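As written, the chain order gives the labels A, B and C, with residue 1 at the start of each chain.
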Amino acid sequence: MLRQANGTLDVRAPAQGLHPITAEVESWLDAQGFESGLLTLFCRHTSASLLIQENAAPAARRDLERYFERVAPEGAAYEHDDEGPDDMPAHLRSALTQTQLSIPLTGGRLTLGTWQGIYLFEHRRGTPSREIALHLIGE
Amino acid sequence: MLRQANGTLDVRAPAQGLHPITAEVESWLDAQGFESGLLTLFCRHTSASLLIQENAAPAARRDLERYFERVAPEGAAYEHDDEGPDDMPAHLRSALTQTQLSIPLTGGRLTLGTWQGIYLFEHRRGTPSREIALHLIGE
Amino acid sequence: MLRQANGTLDVRAPAQGLHPITAEVESWLDAQGFESGLLTLFCRHTSASLLIQENAAPAARRDLERYFERVAPEGAAYEHDDEGPDDMPAHLRSALTQTQLSIPLTGGRLTLGTWQGIYLFEHRRGTPSREIALHLIGE
């Protein structure tokens, strides 16, 4: 019998960059007791985003962070700059990555590949915790 | 009891750039009478896309538009240019943003954050209306 | 009566670039016998991704491939380079495109637009086959 569940994940990202949230997501998922279905994560912010990326090599994550710092840099001439130099780059980096991710579930587990981890990509400095809305449908 | 609904949103974007569609989406959603679930928007085009972004500061939206004009510019040497100078940049800007967005629903409302708006990102000039397929599942 | 189905698509992409998978996806879909619902594709890799793009003009796909080669180039100074020069660019190009796509289904068919095709975007050379997890919910 299909059913659904809703939840919220509060993530405190103490610095800019990729913060792993796979364990917190799986912990919430386990508590719902679903065997199969579809999990959706929705980031409720426009200056932080979601990304599925390499979970083993920290150097790959640092290269990713540096890449987005370079293609959407602070210090460019933005019209919108009253919230600080990290604000407009944060919107751009969010637009280039994901606000939402959906992941199928089989055998009670996410179908993530061996090298895939789920990350909150924090683009601002000194933010309070971020909210990720969760939705699960299946059985 | 879980159920689903399908719909289509026709959006007329009179110029290139970010066009707010949150109100139209919520209006369709209200008519379906769901309390919780998952709403999916799917843009049926490859030269327009979807984006969730800042809903308060028009300057932030103008910076976003200028950014994508700069990173996927008209006037670059594209092989595919028989449909006009705005065509290939439109495909590139679509590839860099979203064709599809899914948003959880709780308490009869989308779980959008305070500063989040849904936008059709029109990348071409003088297009007819665009079609966004809608799917809702929940109860 | 709502129900769901899970599956896996194995895709062999013999070279870097956009490989059409619409036919394979539709073939799996037809075998499930759903009339309406939501199909989700999830790429189980961090160096290959998914994209919905122009299905008619090969020149547009070649421009897309060249664009991503240019904005996330091989030969840049990456810290993570022990898996070959195509590895870090592959992660970057994946981050800029999609790991997951969901497409509504009506009348037994995907709501793809006339010019939309589904592609596996292979970013590495000489990879074995790639796995795409499939989830379908509807009736």
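Here is the rule we go by: contacts are C-beta pairs under 8 Å (C-beta built on N, C-alpha and C of every residue); 3 or more make two chains touch, one makes a residue touch a chain.
Bear in mind the structure is a predicted one, so any value in this text is a computation, not a measurement.
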{"item": "Degree value of the rotation bringing chain A onto chain C, based on Cα positions, nearest 5", "value": "120"}
{"item": "Interface residue identity across copies chain B, chain C - same or different by half", "value": "different"}
{"item": "Intercentroid distance (Cα basis), chain C paired with chain B, Å", "value": "20"}
{"item": "Two or more partner chains touched - positions in chain B", "value": "2, 71, 96, 98, 102, 137"}
{"item": "Contact footprint of chain C on chain B as seen in their complex", "value": "2-4, 6, 40, 42, 44-46, 71-72, 78-80, 88, 91-92, 94-96, 98-100, 102, 131, 133-135, 137"}
{"item": "Residues of chain B defined as touching chain A within the complex", "value": "2, 36-38, 51-54, 57, 59-60, 62-64, 67, 71, 96-98, 101-106, 111-113, 115-116, 137-139"}
